[in-house]
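Here come two complexes built around subunit A, the first alongside subunit B, the second alongside subunit C.
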Partner chain A sequence: MPASAASVAPPRALAPARARPRTKRRRFQVTPLGLLGWLFLAFLLLFTVVPMAWMVSTSLKSEFAAIQQPPVWIPSEPSLDQYTRLLSPAGETGRQFLTYLRNSVWVSLATTVIGLVVAVPAAYAFSRFTFPGRDMLFFSVLVRNMFPAVVFLIPLFILMRRMNLYGSQWSLILTYLTFGLPLSIWLLKGFYDNIPPELERAARIDGATRFQAFRLIVLPLSAPGLVATAIYAFIQGWNEYVYARTFITDESKMTMPVGLEKFFTEYASNWPGLMAASFIMSVPVVVLFLLLQRYFVQALTEGAVKH
Partner chain B sequence: MAGMSLREVYKTYDDVVAVDRVSLEVEDGEFVALVGPSGCGKTTTLNLVAGLIELTDGDILLGDRAINDLDPKDRDLAMVFQNYALYPNKNVFDNLAFPLKMRGMKKGEIDARVRKTADILSIGPLLDRKPRQLSGGQQQRVALGRALVRNPKAFLMDEPLSNLDAKLRVQMRAELKRFHQELRATVLYVTHDQMEAVTMADKIAVMSGGVLQQYGTPDEIYERPVNTFVAGFIGSPAMNLTRAAYVAADGGGFVRGSEGWEHPLSAVNAERAGRSSGEVVVGIRHSQVRIYREARPGTVAAQVYTVEPTGDLTYVHFRLGGQLLVASEDADFRAAPDDPIWVEFDQDHLHLFDATTEQALFRIGAAAANGTERAREGA
Partner chain C sequence: MTLRRTPELDRLARLHLSRRSLLAASAGLAGAAMLPRGAFALSQDATNAKTGVDPNRFTPETIRQLAGTITVDTAAELHALVPADTAGEVMYWNVGPTEASSAVEKRFYDEFLAAFATYYPNIELQNQNLDYNGMLDTIRTAAEGRAAPAVAKMPILWGVEFAAKGQLQEVTLEEFGLSRELFWEGALKSVTWEDKLYGIPTNNETMAFIWNRALFEQAGLPPDQPPATWADVVRYSKQIKDETGKNGYGMVAKENAGNTPFRYMPMLWAYGGSALDEAEENPTYQTSMINTEGGIAALQNFYDMYVTDRSVPTSALTNTQVENQDLFMAGELAMMIAHPSEYAAIRDRAAKATGQDKARAEEIVANMVYGLIPEGPVRRAVVFGGSNIHIMTEEVHGGPIDRDAARALIAAQTYPEWSLKNAWAGSNPANLRGFETEWMKQRLDEIRFLENTTSMLPYGIPFPVVPQSTEIMNVIVPQMIQNALTETLSVEDAANDAAEQINALAVRA
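On to the complex of A and B.
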């Protein structure tokens, strides 16, 4: 033990220092409780992976093979036909699908960018400044999250119509912001709370303006928080269905979740097509998450735990 | 470098007065320690000077320029923080370069200055490291380096040594003092550790409850504390302070504790005590208490409470009436608890305070040392 402590001490890099003793301790222990844990995890993994696997498998089948009884796991003649059809702008289906994809990207990106632009200064203000009604305002920001999103469907519908936004993608962007901002602000505030204010003070004495201190010192330090918040906002917009279904009627403006449904009714028998589209839709989310999961976890724990 | 003046500096938070009309002059090149217990307003004062919080009233001058309304960045001060406040995402070089970059200095000059500063502080080999890869002492040096690198008009230091372990603190204390002496830098240094203040500072400002109690050289403050607070705060172990009534008598008089003990006063001290409201606080430092094994004229009977040998000398805690006092004796002094002893206070080093006002009763003619008088008026 003293030897390992000494070898860990000099670099003082937290990650390896923490990881090493932990793996050491766990490697050779098989307790009944641990076994139960593994079983549970295996079950959970099955629960999440099987539908994905089924989706991919079906998307590679022919239309006939997809509805074959008994079902076949591995397609006998896998083909990428559905994918090429969906992604080629030459055909009608491809054109439609690419429109949905473009719309989804636009709505989600706009939600993410505007959300960050608003949430960053808001969270910073909540974290650093005292102003009248600060606490009340902060908790009122969270009140929205106490109700299921559907509750707001009709009020927001009326509101959007009054503002002449009904049918426009801006109605969706605004709605997603309404839902996404509270959590973004909450998440980011936790992050700013953990950045010692002395750093900004030091920067200001070193010659930075208040804004420069924020931009040059605080913002880079809160990058993991920004990334996590951005992913969260993006995924929210990307996956949302109910509002998108209600607020948008023009086919050229529809986002993918709604588009998929249309696609489904029109090509009721084309399961492989639907699965291929679903798979394409899930790719950005999975890729984003895989690339940035490190930041995401860091953000969630940094926000939660005081150092 | 420049001198600094605080004039009637005043800061309130809602109804709470954090800094109450503090005035003090820091000469060019002087090391001034702001010392006091936590919550006494010393850090607030420092932050007011830095411009990190806004003044409610008063003036702060750097050289002959009022800096009250300037942004921190325009005050040309450097600050070292208690937790160092090193930029964690920048390496040591960039930490040191940051204040220079912010001032738009050319790359070549930044490089030269950073390397020169790093050499002075012997952190040259660490320039590529991130702050978290440094030891506490190294972080301390980098923090100091970031302040030194751009030749500011004055340095502000907020308990810069309190995060170090005891041994390193003593070492850095000496280094800081040496730096100050070499650079002749103007330093305003906040600490709650009176030892740091006494050992490093040219002048000490003792604060309590937002009020400047006394401002003077360490000697002045140690020898002539203006009130019981300063007397009890400066010095280790703390000055013995005990309440007593003054009883006049021929050829002097004496003080009498509520438990009946009596200690004679010399003529000079009797005159001082005579100016009190009748009740005085007698103050005597541990080194000015003499201990005898048998009764003598002019001594007071007491009992040993406990004896603490430290190697260099031995502290003798003893009970006088209901109170515990402390004296220092030769290293080989030993006694058992409850041993009877007789103590004598050195008349030449006896501190007397009025029990009601808690202000010092100075010898006539000896009181009017510069800063002392001013602080008394302020308080």
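On to the complex of A and C.
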């Protein structure tokens, strides 16, 4: 049975990139417009890279050196002290920081996994099934996104408290799901809409159940969409501050964005410590994105175009 | 609840002892009067009506004399109030030290938690250290959501808002074994709403003026003399910018940052203006005086420095004091109003510098001079700041509050030892007995800057004790400054606009 289902070839438009016929590489030519484009891209790159480079540079300085004028790009006496302190479980700072890191990983992963588990069947249902009130329900899912997140702060706070979830990381996971799910469903529905229902029908004719057709045909074809949705959900959970600040007051349950506050006081900032913590915080997201960028870009292009 | 006989109450009965120490202090004062007093000279003779700080009792000299005249046994005093075997739990929120705080602040914070666990091993203290910028909104949200802590220690400006909303429990000093004489009157006023007490002061402080001697010298200014008046500040600031290219005065004008009113109000008050009428002898908090002639003159000073002379950091509109401190540390800023804890923070950062930076850092610290905040045509003034500790109502806590556990915690925070140690680098003990302890002596030796902030105490003016204070100080006042500095409105219009907003708030109240 799976063999026959697998034998159904995906349409040309959805075939993996490697299956496409090779085209002869054109000779690189410098045109004024092209040059302008490159310059613009280089500017954008600078805009992205310079803050990251400055973050790394500052994290290697002493507190005093970090505030000197004029600013110096290359520290005269670079030191990994801040990183050592942050990542060493032997010290109080390190223990605290690693706890924030662990909490962020847990909250973001849980948000991602639960979000996918809910969004995938929901988006599929919106894409494939016709039922009364479908369009209204689909658009009502998006209504939440019409309002700024902070509007829901007090209502959700009260809700979480009544559900005895205030102070628990589940309050964050549920909150992030309420914000992330609508877009995830919307994104995935676009993908499912682009997968011809004929493929599933062919699988059904070959004896697959609806779930098998979904699992063996639709899911693999929508992998880029799943990856994009997962990355989106993860980043949202990873970076969120306002709700994490409000719902969690116990330091042992705080997440990284709130933990970064520990480098400020009313009158002073530990800039190198803050930059080192920010750099460490950005690493998982960057690595995740680098590993999965092929799928992400594919998702952005394919999900956006109606075939 | 039965009141127990406590050492604090006993002490009141034996007030002559304190008088004796005061006599000793007076003798010290007489001796000290023969010494050159320079920047510490005080012009006020009578007790400051605003704060209750007696300028004769609280001078650098008398405080030094008072220090170490008593010894306290904190555990015994606490156990006389709440027995050691009391069991219970208390959720406690406070603004504690962070990674950026000085080592000494962090050490005493941890030591207090450890000490409380030994005083009351059966009381579970659920301590939450929140950051200064986030705590107000967090506690507001928590109170609305019925999840506020049982006890909260808040900056002096915040408490009255919660008291007016009925979210704080009324307390009496006696239930903590305390009495009015142990606190400055201004400190008690800050926890009083409609003649009822809603908290206990934990610490009180005033800021001082700090400047870079080397930059003054380069600009051709007397290196050891701070500007005497706010008009001098404007003049000095321009001269420093013109002669050295560095920023003169450390202006702060960011909205919603407590730093801004703490640095603007001293000048406004000095010129005879005020947000409401808090600087007047008998404030009614009914009408704004921010657009009086003096109020406009004060705002004009900021305008002159920022727009006309360009002698302050261009980032002043978004600066908090943190950024000013960085500029000062970098030798890019010549003078600013500084909180006592900044002195410790600057020294701490200098101590951590290595290699070539070490010499520069030491140079900055060596050139750091401190004195009184300048005066204006009407008075010399400074914000009377500090923190108070409160018990929230059971309604906003969302459940019963263990009053004995709360009393034990509040007593531990407000009795002399921890009232002093928890304010080590940044404030003064609100409990005046703290000034007489042996730890005060050690503290004065370690942090010389405290002598200046102490000298400013008699000039302290508390923020208006009205629930709208946070909005007035953190939003309306900074917006007024920004409107003037960005020339969105003229100086006069900006002041009038602010007055209108404040009056509207007062009417709504």
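We adopt the following convention: the second predicted complex is superposed on the first by the 259 of 307 C-alpha atoms of A that agree within 3 Å, B and C clash if a C-alpha of one lies under 4 Å from a C-alpha of the other, contacts with A are read in each partner's own complex, and residues count from 1 in each chain.
Methods note: a contact is a pair of C-beta atoms (placed from the backbone, for glycine too) under 8 Å apart; a residue touches a chain by one contact, two chains touch by 3 or more.
Small disclaimer: the values here were computed from a predicted structure and weren't measured.
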Clash or fit, subunit B versus subunit C on superposed subunit A: fit
Touched partner set for A:G273, first subunit B, second subunit C, both or neither: second
First (subunit B), second (subunit C), both or neither touched by A:Q68: second
Which of subunit B and subunit C A:G180 touches, first, second, both or neither: neither
Touched partner set for A:G237, first subunit B, second subunit C, both or neither: neither
Subunit B versus subunit C as contact partner of A:A203, first or second or both or neither: first
Touching partner for A:P257 - first (subunit B), second (subunit C), both, neither: neither
Partner chain in contact with A:P224 - subunit B first, subunit C second, else both or neither: neither
First (subunit B), second (subunit C), both or neither touched by A:T249: second
Greater residue coverage of subunit A in the superposed arrangement, subunit B or subunit C: C
Least C-alpha distance (whole Å) that remains between subunit C and subunit B when both complexes are overlaid: 50
Footprint overlap on subunit A, comparing subunit B with subunit C: none
Complex contact set, residues of subunit A against subunit C: 62-65, 67-69, 76-77, 79, 93, 153-154, 157-158, 161, 166-167, 245-246, 249-251, 261-271, 273
Contact set on subunit A toward subunit B in their complex: 11-14, 196, 198-199, 201-209, 212, 217, 220-221
In the complex, subunit C residues that touch subunit A: 93, 95, 97-101, 126, 128-134, 137-138, 141-142, 144-147, 149, 258-259, 321-322, 325-327, 329-332, 339, 341-342, 345, 349-350, 352-357, 360-361, 398
Subunit A contact footprint on subunit B (complex, rising order): 50-52, 71-73, 75, 77-79, 81-83, 85, 87-89, 98-99, 102-103, 132-133, 146, 156
